[in-house]
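What follows are several structures.
Two complexes, one shared chain (chain A), two partners (chain B, chain C).
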Partner chain A sequence: MAEIQVLILGLLLGGVYALMASGLTLLFGVMRVVNLAHAAFIVLAAFCSFYLWEFAGIDPLISIVLIMPSFFVLGMVLYRVLFPRIEGTPRFTEMTVLMTFGLAFVAEGLMARFFGGIFRSASPPYARDAIILGDYYVPTGQLLASTASLVLLLGLWAFLKFTRTGYGVRATMQNRDAAQIVGVDVRRVSTISFGIGMAMAGAAGALVSFLFPFFPARHWQWIAILLSLIVLGGMGSLKGAVVGALLLAVVSSFVSHTLGPVWAPITFFGALFLILLVRPQGLFGKKARV
Partner chain B sequence: MPLLAVQGLKAGYGVGPDILADVSIDVEAGRTYCVIGPNGAGKSTLLKTVAGIVKPRDGVITFDGASVGGLRPDQILRAGICFVPQDRTLFPQMSVRENLVMGGYLIRDRHRLNERLELVFEMFPRLAERSAQMAQTMSGGEQQLLALGRALMIEPKLMMIDEPSLGLAPRVTSQIFDVIRSLSRDLGITVLLIEQNVKKGLEVSDWAFVLDLGTKRFEGPAGEILDDPRIRDLYLGKLADRGGS
Partner chain C sequence: MAQTDVVRTAESTPAKGRTKGTVSRWSVLTMVIVIALVLPMLRSMSSYQYVLSVGTVVFMWISMTASWNILGGYTGYISLGHNVFFAAGGYVSGLLLLELGWSPFATAIVAGVFSLLMGGVAGLITYRTHGPSFIISTIALLLVATLLMDNWAFLGGSNGLSLPLPSLSPSWVKVPFYYAMFLAAAGAVYLGHRVQHSKFGMALRAIAQDEVKAEVAGIDTRRYKLMAFALSAFFPGVVGALWGYNIAYLRPIIFLQIAIAARMVLMAIVGGRGTVAGPVIGAILVVAFDETAVDLFGGSEINLVITGALLILMLQFFPGGIIGTLRDRNRLPAWLDWD
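This part shows the complex of A and B:
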């Protein structure tokens, strides 16, 4: 049954996509920020992880422990430096699209300058291994990456569900004005959320470093995929991002299997058109408030 | 010394003009005040500025002896001023109980939080019955009750309520006003109220401020203000001038 093999690979891919998308959807949910530079920071983290592996022998999975806190701080600093001047403007979300578009170019340019524009990939031993289960094989690297994604997403969920700051973040996602009224410091919550979004991008980058070959401009392709799957799930919904990621990864794996790999990217944009026509708020999204 | 003293307050939105040009009011502890005035007078902006949601451009706001002008909304709430805005702004996808718990976001002591929660449920048995219901599925009157209950979670000294009767049926409005009356009578909370239904608003109040075009025109005892000839000129007269039938 080749279909089951395709399903296994699709689900493993979806787990990583979910992690890649989680920070993006969180930022939109909390702050109405569309961060087009999100994937550029995933690539940046992938480079960090790659160099840590090449020059210090630090396993990409271990490098998460170093990259996440650094990216958390980087995110908070970026937020405090870049966003205060556009906060409170009437077209805030549109402004964030323009600003993060610029940020993506800057990040890409700097990476090309310092890391070069050629394909890179970290190669820890498990990256080329596979576990054989009867007729099927499970690539070890992808299994480890999906497991790590699952652990991190559960961690994020538990943080949102059970901590006081998490309550503040969720309240801000549901109704920013109401959150302010009950005493949530939305500025602080936004700063922390930006840090968390960036930390998730950092972790995703570490996994990407051994899963896919990457180069500085690769992020345009990824951000397109990530945006399409969070639009499918409902922008701002974490659950939606996970479901959208698994769904589209599986479907694209089947498209790739039956029609050929060149058709796989079509899945994401086909789904994007379809969802915007049929259910613009996405699977788990809220209808826009009037 | 008044509980809340506002002096020469100037405020507006973004880069727009001043909505509040120069407002000064004194609010004494334990009484209920009503702010009245035509649309666009700056009533809501006054409340939002005191709550810290709109930043003051000039002027002084003192509460309980400390300056609170320009502080963040959470700092002002911590000082004891809570705000129930016009559209109630609940958390639509949280239950009644979760909304109330969010109202006590500033209370870090779990035990104390539960105490307040029980107290609010005792005051509003209706909310206790519906504690598991999603806020967005409730009727307008129940949502208003929830907004008031949520504000009571932190034991406020001053409650600012913006148009509690908006969109409610007359019978429900009366219930809400009974609750507002009991805030000051039973709990000793100072109330600053905006109400389009001027008669109703003045009925529950001790004192009224009349605002127009961003300044306070005059003030007086709530029971007498409707008979003031200046009200006719400024408020009812203007309404007629503005094309009302």
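This part shows the complex of A and C:
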């Protein structure tokens, strides 16, 4: 029953993709910002986690505790530096795509300059272990990473659902102008959301550091995959990102199993073009207001 | 001069900001063209080969950026995957050379037409998407192309194909490339000018401003978007054919790096999106900047940083680019107004 094994691996992978995509979809939902640099920051976090492991012996899972707050602050600073000037311009979303496109190159170039362009991967002891369950095996690293993703995503959900700021974020997602009218400080909500999005990227990067080999230019493949799956789920929808991530990770695992790992990314792009053809707003998306 | 002004008004160029200065654009254009044409004859010039190669590269970028501008500038559909057509052109002509022995100087047009048709098909994306989802689709298009080319054994996969060099003496071999690229650049800029002053161009600008209103006003937006996409793919194909032959080596990573698409976007934005002179100014400045940066710092990583930082700075402070910003402030000199 190789299929069940592939399914297990696909679901574990999907959990991590969901975390990687959560920040991206949050930013779009709250601010209509498409952050093309999101995956570049995931790679940056992976490098941080890698060096913390190599030189300080800090376990990548523990390093999340250090990386998330620093990335939260980094995100808030980036937002305040980059976005106020272009806010309110016509075609704001496109402007943010171009802007973060530039940001991705800056991040990639700096990483290549300071960390070098070679493959890296942190190797904590559990990265190569596996738990044997009857006929199947569950890689320990993947299991831990998916569990961590699940915890973080639940945390994000609880924050949005139960805190006052979370209300503000959700109100802004639903209708920015109306939220402003009823007294939500949209600027503050946006800044915090950007910080949270970046913190999620940071956490994802820490997990990526021991799951996949990475190098600075790797982020283009990831951002394309992540964008495809949030388009599938419906841009701005957190639920959509999770469903899209699980669905496509499982399908791509099967593609990888039958056609070879080289072709796995085709799943994501194929799904992207298919969903644009059939339902451009995505599975859980609302029709865009023009 | 007076006559051209009348024509310009009749063709309703956006009236914002009349131009200043007494040097007409025709004298400047003629001068630039003459210098460009005469340059390869000054063979005793110091660092002749360097000047020639930089000239070739500048023309290549002018041609690609001016083409990108038809879609990204006039129509407002920003493509981050336009180097797919650059690659297509390179491989079409390269294969014709390897299999049939036809010179890419002749088949560059074939490569262009192939890209044009490919652009027509890829343009179907615009039927379903606009804004951010269009941009995402173009990135996906680029990555699909990379994946295919990397694994297509007939085309050499990721190792690519080697091409024979043209049978000319080494000191002359770069001259035909220079002139061919010049023609491609001139063609693309002329095409941009024609688009600007046609009903077609007006329709494209209407689409860029408000697609729904354009549709309501009776513009067949689908047809125009498809045509814009196809046209904007033609010259990247031509230039790809020439460039592949010039470096005598076809490899996916040379053509399909996303940094190449980024260059087109950057150059158009530096010069000014949706203007005729913008791509020319942008290409010249960015290449000059690149050459200086490589001279000073070396290394391609710094180039990436500079590309990104320039893009951010332009968008933050001069989103209209050099031409657009000068025009908004009524300071655009007449010789720079090619619209």
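Note that in this section the second predicted complex is superposed on the first by the 289 of 290 C-alpha atoms of A that agree within 3 Å, B and C clash if a C-alpha of one lies under 4 Å from a C-alpha of the other, contacts with A are read in each partner's own complex, and residues count from 1 in each chain.
Keep this in mind: contacts are C-beta pairs under 8 Å (C-beta built on N, C-alpha and C of every residue); 3 or more make two chains touch, one makes a residue touch a chain.
It should be emphasised that the depicted structure is a prediction, and the values quoted were computed from it without experimental measurement.
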item: Superposed partners chain B and chain C on chain A - clash or fit; value: fit
item: Partner chain in contact with A:A171 - chain B first, chain C second, else both or neither; value: first
item: Touched partner set for A:G155, first chain B, second chain C, both or neither; value: neither
item: Which of chain B and chain C A:G183 touches, first, second, both or neither; value: first
item: Partner chain in contact with A:G88 - chain B first, chain C second, else both or neither; value: first
item: Partner chain(s) touched by A:A224 [first = chain B, second = chain C, both, neither]; value: second
item: Contact breadth on chain A, by residue count: chain C or chain B; value: C
item: Overlay on shared chain A, then closest C-alpha pair between chain B and chain C (Å); value: 11
item: Touching both chain B and chain C, residues of chain A; value: 89
item: Chain A - residues contacting chain C, complex; value: 28, 34, 82, 85-86, 89, 91, 93-95, 97-99, 101-110, 112-113, 117, 220-221, 223-224, 227-228, 231, 235, 262-263, 265-266, 268-269, 272-273, 276-277, 280, 290
item: Residue ranges of chain A in contact with chain B within the complex; value: 88-90, 164, 167-168, 171, 174-175, 177-185, 187, 286
item: Chain A partner contacts - residues on chain B that touch it in the complex; value: 14, 51, 53, 72-74, 77-78, 82-83, 85, 89-94, 101-106, 108, 150, 153-154
item: Chain C residues within the chain A interface of the complex; value: 76, 78, 80, 125, 128-129, 131-133, 135-137, 139-140, 143-144, 147, 150-151, 211-212, 258-259, 262, 265, 269, 299, 301-312, 315-317, 319
